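Structures given as structure tokens follow.
One chain, chain A, links the two complexes that follow: it is found with chain B in the first and with chain C in the second.
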Partner chain A sequence: MRLLRTFLMRLATTAVTLFGVAVIVFVVIRVVPGNPIAMMLPPGATEADVARLSALYGLDKSIPQQFLIWAGGVLQGDFGTSITTRQPVLALVLGRLPATLELSVMALVMAVIIGGFAALTGTRLRGTRTEGAIDVANGMALSVPDFLWGLVLILMFGVLVPIFHISGRVTPSLDLPFVTNFYLFESLIRLRLDLWADIVAHMFMPALALAIPLSAIIGQLLKQSLKETMHLDYVTLSRTKGYGENHVILREALPNAILPTLTLVGVQFTFLIGGTVIIERLFSYEGLGNMAIDAVINRDLPLIQGIVILFAAIFTAVNLLVDLAYAALNPRLRHA
Partner chain B sequence: MSYLEIDRLSVRLRGGGPLLRQVSLTVAAGEVRGLVGESGAGKSMIGKAVLGILPRSTEITAGRIVLDGVDLLTLPPAERRRRIGATCALIPQDPLTALNPSRRIGPQITDRLVDILGWPRVRAEARARELLAEVYIPDPERVMRSYPHELSGGMRQRILIASAFAAEPKLIVADEPTTALDVTVQKQILKLIKEMQERHGTALLFVTHDLGVVSKVCQSLSVLYAGLVVEDCAVRDFFRAPGHAYSAALLAATPKYTDAVASLTPVPDTVIAAVRAEVAAADRRMSHG
Partner chain C sequence: MLDGRGSVKRRAGARLWLSAGWLAVLVLAALLAPWITPKDPLAQDLFLGRLPPFWETGAEPGYYLGTDSLGRDVLSRILYGARLALIVALVAGSITCLLGAGLGLLAGFLRGWVDVLISRFIDIWMAFPPVLFSILLIAVIGPGLGSIILAIVIIDWTRFARVVRAEAMAQGAMDYVASARVAGRGRLGIMLREILPNVLPTIVVLLTLEMGIAVIVEAILSFVNLSISTDDPTWGGMIAEGRAAVYQAWWVLVFPLITLFLTVLSFSQLGEGLKDRFDPVLR
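Up next is the complex of A and B:
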């Protein structure tokens, strides 16, 4: 009962959030200079041409009127038509979404593996030089933003030792049998390991660039949390039972130390998704972020609106998932 | 032949001063030895040294800890851990922090039996149920499936006692096992520890600063001051005539029901000065080998 109420409350706040985001974006992109219609027309078009096209896209009405029309459409699943491509926004956005999701999840997995490994190694070897080295590496990873890591990676693994692809999502000459846009996932399901390897070789560097700062955050926070937990009485009691360091860290300390890290990872993951916009551009990766930049350059208002709403929906969904995971992992909440 | 023999054990803060000064004491099989002294005297340090859980900031500089004829300090770490886990146990001070909040009670009792002693799981679980019943826990089956936060402090201390006795250890270290508890529960828990100790014939190293508790539970006693054993005696002799001025002062400072004024008596300065001189003398002996 209580769980259901909490869930409904969350749903309501989510709806309010999305509405707020929609209003803000809708107004801002109409207030900033730059007319989408002017950009579509060839030089020498008359006032009448502009007026005709404006009317076609409903841009001649007042902003509140435009919003009502747009919101009414959205409620029926119609996000309007892209001005530049003349295709339905929803189809465009959903077509690109899998690429960005795969990239983000891949980056998250990398960050958890790297950060978790760093934290566990640092805890196991606390007080030694290795721990110091891990702290220094963490600090470096944190002080450089993801897109600069992208450039560093391009120089290292794209130019100096070219082992990964530096642009695109898949080699264009390949024949793709996919029915969905989840290339990475579908290639695995179809056991097309050749394609899978090609996709990974494209994704590796952008994903790693996104992962590095997050892995440092995970590494630092988890190590801190582990070190505090290692002093607790139940950990000491476990040592007196005859258990060694590895067991004590993994079985007694880790399950409790993970909880505070988990909440932060959720927040940071939404930042990571935000980071895909620039990283996708840098690596010419055909995802939502890349499309968002094109949409802004072309003042493709319906497309910008659609992408922003989708990003906002993803953010709230991630936060909801984190809360659920937290509740599932914490016995105190599980029985509440 | 004593089961535990600590022989001139010295512990110090790494790069700092001594915490234990050539501590010697013995605990015979089935004997209960009390460790008393004021806060910071090093009572817990002795227990931790025996169980191999000294803080990383400290180090053993000299001495032997002989358990069942084997000097623990000469064993390789893994072997030492196993030996301690198989033959010793700890009843901790604070039952609220000594159980892992994210693990169920059952596995926290059976883990040692299964992982360290190699018992089959079914047998370990039967043993846990048996022990929980022994410490008067109703419905052991349900308790084993519970998480610590679902149980009261007194319940958790009973569980920790059951867990300590589960592997039939030869020696248990109890570090102020009742101080963190509600006054009304303290007596029950003390009685329970005594009862379990007698039934299982376990040797007990009992850390406390309550001489009243010592008189009820212990047979022998070590009085510590600043990491130095100032008196080692039978409890009966101690209460009849303490062998050291410091012990006598401690005894005088202990609350008595008959004499409310005596409970306020601090340890006199002259006694402190004398015992400090002994500590200094011990340090000179240590530095000359």
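Up next is the complex of A and C:
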């Protein structure tokens, strides 16, 4: 019961947040100087042409009126029409979403693997030089944001030792038999390992750039929790029973130490998704973020709105899921 | 245990001094830029385009770190770029800090509807992807130094507000605040004289971290070509050009990148180092 009520409360605040985001974006982009309609018409267009097209996109009405029309459309699943491509915003955005989702999830997996490995190694070898080296590497990874790691990776694996692609999502000359835009997933399902390898070679660096700061956060927090858990009596007990150090860390300490890290990963995942915007730009990766920057540069108002709302919806949804997962996983909250 | 703690402290001290040292060098370079730059950072010479750095064959004397595609001296542009980066770090960082910490203090200490209002705004802000938000803002207000600073303030105030609000709330529940209240101190007096001094170390740490973030935001915006006018040397603008021509002239990317990397690392390590200093457990 309590869980349900918490859920409903959170759902209500989420709705308020999304509404706030929509209003702010709507107002902010309409203060943009430079008429987007004038930009899309050929140079010889008359005032009347501009006025007619403005009316077509509803840009001749007042901002509150425009908002009501737009919000009414959104509730029916209509996000308007992109000004530059003249295609429905929803179709454009959903077409790019899989690319960004695949990139984010791959980055998350990388971060969990690297961070988890660093924390476990650091715990196993505590007190040695290796632990010190891991701490220093963690500190570096944490201090420098994804954008700079992306550039460092481009220089290392794109120029110095060119083993990965530095731009795009897939080699353009390849023939793609895909029906969805989940290239990575679909190539695996279809067992087209040649295509899969090409896609991974494109995704590897942007995903790693996004993963590095998060892996440091995971590594630091998990190691801290492990350290605290290792001093507890039940761990000492299992050690006196004669279990080896690896068993003690992996089977006894880890399951109890992992909960705070899980919560943090959820929250940090939204930051990672936000980071895709500039990382996709840096690697010319054809995802939502790259499309968003183009939309801003082209003053494509309906498209900007659609993308920002979608990002905000993803952020709030992830946060909601994390809270629920935490409530469900944490026995103290479940029975409260 | 004890010697371990000592080595942690020594390491923290070393990184504090190293980062402060790099930042001091940067400030000096920015102040002295007109006197120490070997070339005019804006001077173009197409006959001297894409010269390699001095140790490579084909280098020209005087162009120590090579030139970009328009023949502009990379070293001179980095030194002038330091001016812009530091101005953004100081001004944007300080204004963000004042606004964010102020709102956080009000929300955390006054509670009630003020807290509800400010917290709701923080929630909405947290739902925006920050990079996209900043690009959007710059597109709206137009490029320029003032716009960049304004965009950073608008986006990042929540970093301060969230933490300071939580701290102020925790401090407000403590006995010394209650005794100040009993002693007849006014609310404003308690907030500024009792709570603020106790939250100040946290604010200083956040400010240092924010300066590093501001430098990055400026670089990202000039990378997307939305920063200052395209002529003025900025690290981000140089990086954007270097990224485009990375196979032809790696030095146009590498040197500004190293500078930016060290600067961001220094601000962050300085912040972390100060945190350790202030942290009673480590001390």
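FYI, the second predicted complex is superposed on the first by the 310 of 336 C-alpha atoms of A that agree within 3 Å, B and C clash if a C-alpha of one lies under 4 Å from a C-alpha of the other, contacts with A are read in each partner's own complex, and residues count from 1 in each chain.
Operating definition for what follows: a residue touches a chain if its C-beta (ideal position, glycine included) is under 8 Å from a C-beta of that chain, and two chains touch if they have at least 3 such contacts.
All of these numbers come straight from a predicted model, not from anything done at the bench.
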| item | value |
| --- | --- |
| Which superposed partner A:V31 touches (first chain B, second chain C, both, neither) | second |
| Which superposed partner A:L282 touches (first chain B, second chain C, both, neither) | second |
| Touched partner set for A:L191, first chain B, second chain C, both or neither | neither |
| Partner touching more residues of chain A, whether chain B or chain C | C |
| Which of chain B and chain C A:G242 touches, first, second, both or neither | first |
| Which superposed partner A:Y234 touches (first chain B, second chain C, both, neither) | first |
| Touched partner set for A:P255, first chain B, second chain C, both or neither | first |
| Partner chain in contact with A:V179 - chain B first, chain C second, else both or neither | neither |
| Intersection of the chain A residues that touch chain B with those that touch chain C | 127 |
| Partner chain C, residues of chain A touching it in the complex | 13, 16-18, 20-21, 24-25, 28-29, 31-33, 127, 139-140, 142-145, 147-148, 151-152, 154-155, 158-159, 166, 273-275, 277-278, 281-282, 289, 292-293, 296-297, 299, 304, 307-308, 311-312, 315-316 |
| Interface residues, chain B side, partner chain A - complex | 51-53, 56, 78, 81-82, 84-86, 88-90, 92-94, 97-103, 111-112, 115-116, 147, 149-150, 160 |
| For the chain C and chain A complex, residues of the former touching the latter | 4, 15, 120-121, 123-124, 126-133, 135-137, 139-140, 142, 212-213, 216, 219-220, 223-224, 239, 243, 246-247, 250, 253-254, 257, 260-261, 264-265, 268-269, 272 |
| Interfacial residue positions of chain A with respect to chain B in the complex | 127, 232-234, 236-244, 247, 252, 255-256, 329-332, 335 |
